[in-house]
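First chain written, first letter: the chains are A, B, C, D and E, and each begins at residue 1.
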Amino acid sequence: MILLNFSIYDFSDFINSIDTWLVETFSPTIGHLIGLVLVGTCFLLFTALLGLSLVYIERKVCAFFQQRLGPMRVGPFGTAQTIADIIKLIFKESLITKQSDKFLFNLAAFVIMMAPFIVLSAIPFAKGLQALDMDIGLFFIISVSSIGVTGILLAGWSSNNKYSLIGAMRSGAQIVSYELSVAISLMTIVILTGSLQLSEIIASQSNGWWIFKGNIPAIIAFVIYIIASTAETNRGPFDMAEAESEITAGFHTEYSGIKFAYFFLAEYVNFFIISAVGATVFFGGWMPLHIGDATFFNNAMDFIPPIIWFFGKVAVIMYFLMWFKWTFPRLRIDQLLTLEWKYLLPISIVNLLLMSIVALKGWHW
Amino acid sequence: MNNDQIKEKVLKWFPDAEIPAEAGQFLNVIVTPEILHPLAEKLRYDKETHFDYLFCLSGVDWVSNLMVVYHLTSTNLGHEIVLKVKIADRENPEVDTVCDLWKTAEFHEREVYDLFGVKFKNHPDLRRILLEDDWEGFPMRKDYTDEANIVEL
Amino acid sequence: MSTEQTVLGNETQEYFINMGPQHPSTHGVLRLLLTLDGEIIRKVEPHMGYIHRSIEKMCEKDSYQQIVHLTDRMDYLSCHINNEAVCLTVEMGLQLEIPERVKVIRTIISELTRLASHQLWWGVMGMDLGAITGFLYGFRDRELITDIFEETCGARLTMNYNVPGGLMFDIHPNFQKRTKEFLAYFKKKLPEYEELLTGNVIFEERTKGIGYISKEDVISYGVTGPSGRGSGFACDIRKLHPYSAYDRVEFKEILYNEGDSYARYMVRMDEMKESMHIIDQLIDNIPEGDYKAKTKAVIKLPAGEYYQRVETARGELGVYIISDNKKSPYRVKFRSPGFSNLSALDTMAKGCKIADLVAMMSTLDLVIPDIDR
Amino acid sequence: MRIIKNIGQYFGEIFHAIKSLLTGMKITGYYFFHPKEIVTQQYPENRDTLKMFDRFRGEVVLIHDSNNEHRCTGCSACELACPNGTIEIINKKEIDPETGKSTKAIDQFVYHLSMCTFCNLCIIACPTDAIKMAQTFEHSVFDRSKLTKVLNNPGSKLMPGIRE
Amino acid sequence: MGAESLILFFIFGILLVGGGIVVSYLIAPSSKNAVKDEAYECGIPTKGESWVQFRVGYYLFAILFLIFEVETIFMIPWAVVMKDLGMVAFVEIIIFLAIVLLGLLYAWNRGALKWD
């Protein structure tokens, strides 16, 4: 009965019917509760899967950039490598040094992992496949994802290790700076959509993605978003916080075993989130490629399920981010801040004004 | 300047300097610890000698005495000289540092101190450089014995 | 108007941090004690000796043939040149006439060694600055050189191909073919290096004007090799005191006057081209003849002192042998380039940031066993 | 004017920066899409095809022919040439069955692989070409004592005609 | 789904991290010794304090950030209604941004954006 409603093109009926079935079978409260637990479990599994697959993909992609094969030993083409890694990490001893602040040290692992996990709830994966469609969705994502920096600062400070401390300080200065550019570049699109709700942002792109419709300012905003969000997630070439050739491993020097795994996982979930937000705001999320009123073309594109569109776009953005990471040298911390304050921020503010002119004059499509 | 001119010049400054007659690879000047630094300073700053590059500083243990050997060259004039300072006192060998003339001497002198026990006076930071701080003895001396670490084949 | 202001807690504390012995970018077990103010370096104090193996002491017990293989373990990236230095010193003492063929082969392999060393350095430089991909490209090309070495000398790293009087055995029949193949290949790959790092804006920002050292300081500290030539110190022993076949080849001594990390980087990049140019001139003109001059089974150097300077990939290596006419030398001293180069680090690094220190150390191209000996 | 020039410079810098970054990406991008240029060798899997160079110095071996005869006279030249004391030759007295004279012959040619630096000096020191470097390279063992090897096969003899 | 699911995600986040740590705690070996207790500083005992008064360089940026972050929060509602309000909103934001940018220029000029 439930499966009847299943459609790969629109998940809302399917999810509604599960909900109705639960509520009908049990009492409304319990049914609702079971529904919540189901959703939570799904996200837990998704997060784990995401981490495992992204680590594998990154290792493979980076290997190909470097003329290597990457992991090949565990499973066919090394596919089970990350599973082997995680098993190893679980079995490893979790050390806490004597001088560290043990409460904060443990708390950091929670904070750093929870922020991206909560943000995942607001990501629309496909039509009707979104846990939490708030009317301030974009704002929610921006604000919650910046909680992660607290985790980094906590980790660096509580370790009582100079390398960790420097790493944490660096990443603190870096993340708060780049936060601005991320927000402003996303706001340029909000001017056009007039809404912060992600489902509406996606719906507004049903006749074309903003990157195409939004004229030049949208492209500039996208470039700034990509640079700034890479920096915000501490990825290369902005990985000063864990620059292994300078400060060994930065803020997570002292973490070992499963706690280290969470730092790692959080990094990759963050990586997914910035790509997903970029894809949603600039490339229409799960919305297939539509060109105005070209009905035939639009229908052809609709044939590809939204979930594939979404993950396809995310994958392309991720590929570019990996390409950056595995090509460029790392910036220095002061250069990084110079880049933000002297280049990205002024440009993004001017770009925002440009966009409002475009919106006023109706130069967009 | 050729070797003869340098020789003449050195003898004019310090008649005590001993310059062996047989022609080796370089011009050798053997001095006592007292005149090492004044001579080195002259060689370094005199316009005609201008030995501004100390390319090697080594210690030698001649059993009867210790010796520190300075290989000097001039980057613009191209001539070379070897200064040797003979230190008769094996118990408490002392010689002035040449750190102030050639900064590279700082590390090299520490090495000589570490391995031969020659103390360089006025050295800014005379500590052992290669061995641990609590190492006993000076391993490059010929009379050094260490049953634990030296294996005779 | 004078108001007394008491600003509490406005002073930042200087603190110490140990960089090394177990640190990714010290390239070995070197320990730098940094005094920091925030991220600004106030003082760098190198502590070394973690892999001191007393090679000089061991030399006093070994025969002259046996000394050679110990020098492989000093600067392992220019092992052939180290071997050559010892052999040249012994040959000088014996006043041995070595065959032309030996000289040319030694020169070719020396230059290949220099190329291999610079390739590795380039890769490591990229890695230290965060461009890990460069590391693998550098190694990819270096592998081809080590293959050539392995085919001819029998080992990839510690080759021990020189013996006093000549070479251990003749070159492999494939040697010339392989070397020419490699040169043709690497001439295509070197521009890639330039595109990946040299022109890159981040790389330029990270190296230009960083780690400045003046020509006077360079001479005073005895910083030689590419690091010295980046400050305009003409210290190339191949030009000053030509040995082996360097007197008959045409090549430029690369000099840059900027004295910063970028200049030191550019010296090495240009040196790779010069090395290829030298090999180009020699590879087809290896004279026929013996691969070894006749020496006695037990070599005894006439009493006296012998000093030989050669140019390794890192700078000037001096071998100082004092002989008392026995089968082992009385005293051997290796004036290793890394030892002197390291001493200039403090002067370079003052006022820079930690990240700059890493870039600086890469451009000094330190090999720790070379420093500790 | 200065401001315009400065602004021009500002954007010039940005343009130059982006161009130089794209140049670098071109290189890595090229290799990403040319997997044929991958240089990785999958080592334990390629054991069958992996061939070391003839001169590769893996370990010292004593050459035995099919009659279990070697060329080592036990002259100890290699032992003397070795800088590390890797080789120990233990000789024994043997009575030649034909002439009845007692001759020296090797009892055990002991080789401490753990001390060997593969410098090849023993090979060139050997007057009878009895030893050579083998191409094996997989030497790791769990027990260090296994690295001390006796190179002469049990019951092996000196090849006739070597001593002369 | 309503806002209650936020609490749910919070709980599941704790489960995700806490669960792993508990599992690891149960199965991973544990042996203490003095060396393991030390902070990692390249294999050498730490010299001096780690919790020191740190250089102010980072904090200037933190303060700048505070100013601009507040500004972005103001701008979010503006961006949402920008299209509807039209010219008025545009003029207003120009004035607003001009003031903020002037602040940035001032900081830039005063050298707050320089590291040393």
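Throughout what follows, a residue touches a chain if its C-beta (ideal position, glycine included) is under 8 Å from a C-beta of that chain, and two chains touch if they have at least 3 such contacts.
Model, not experiment: these values are computed from the prediction.
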{"item": "Label of the chain whose CA centroid is most distant from the centroid of chain D", "value": "E"}
{"item": "Distance-to-centre winner among chains (Cα means, whole assembly as reference)", "value": "C"}
{"item": "Top chain pair, ranked by how many C-beta pairs fall in contact", "value": "A-E"}
{"item": "Taking each chain's C-alpha mean as its centre, the one farthest from chain B", "value": "A"}
{"item": "Euclidean distance of C-alpha centroids - chain A vs chain D, Å", "value": "50"}
{"item": "Euclidean distance of C-alpha centroids - chain D vs chain E, Å", "value": "54"}
{"item": "Averaged-CA centre spacing for the pair chain C and chain A, given as whole angstrom", "value": "45"}
{"item": "Distance from chain E to chain A - Cα centre to Cα centre, in angstrom", "value": "16"}
{"item": "Multi-partner residues of chain D (each touching 2 or more other chains)", "value": "21, 24, 27-28, 39"}
{"item": "Chain A: positions in contact with at least two other chains", "value": "65-68, 162-163, 170, 248, 326-328, 333-334"}
{"item": "Of all residues in chain C, the ones touching two or more other chains", "value": "15, 17, 23, 39, 133, 140, 196-197, 200, 202, 353"}
{"item": "Chain C partner contacts - residues on chain D that touch it in the complex", "value": "16-17, 20-21, 23-24, 26-28, 39, 52-57, 81, 83, 117-121, 124, 133"}
{"item": "Complex contact set, residues of chain C against chain E", "value": "9, 11-13, 15-23, 31, 33, 37-40, 351, 353"}
{"item": "In the complex, chain A residues that touch chain C", "value": "62, 65-68, 162-163, 166, 170, 236-237, 239-240, 243-248, 326-335"}
{"item": "Complex contact set, residues of chain E against chain C", "value": "41-44, 46-50, 52-58, 115-116"}
{"item": "Partner chain A, residues of chain E touching it in the complex", "value": "1, 3-6, 8-18, 20-21, 23-25, 27-31, 36-42, 46, 50-51, 54, 57-58, 61-62, 64-65, 68-69, 72, 75-76, 79-84, 86-87, 89-90, 93-94, 97, 100-101, 104, 108, 113-115"}
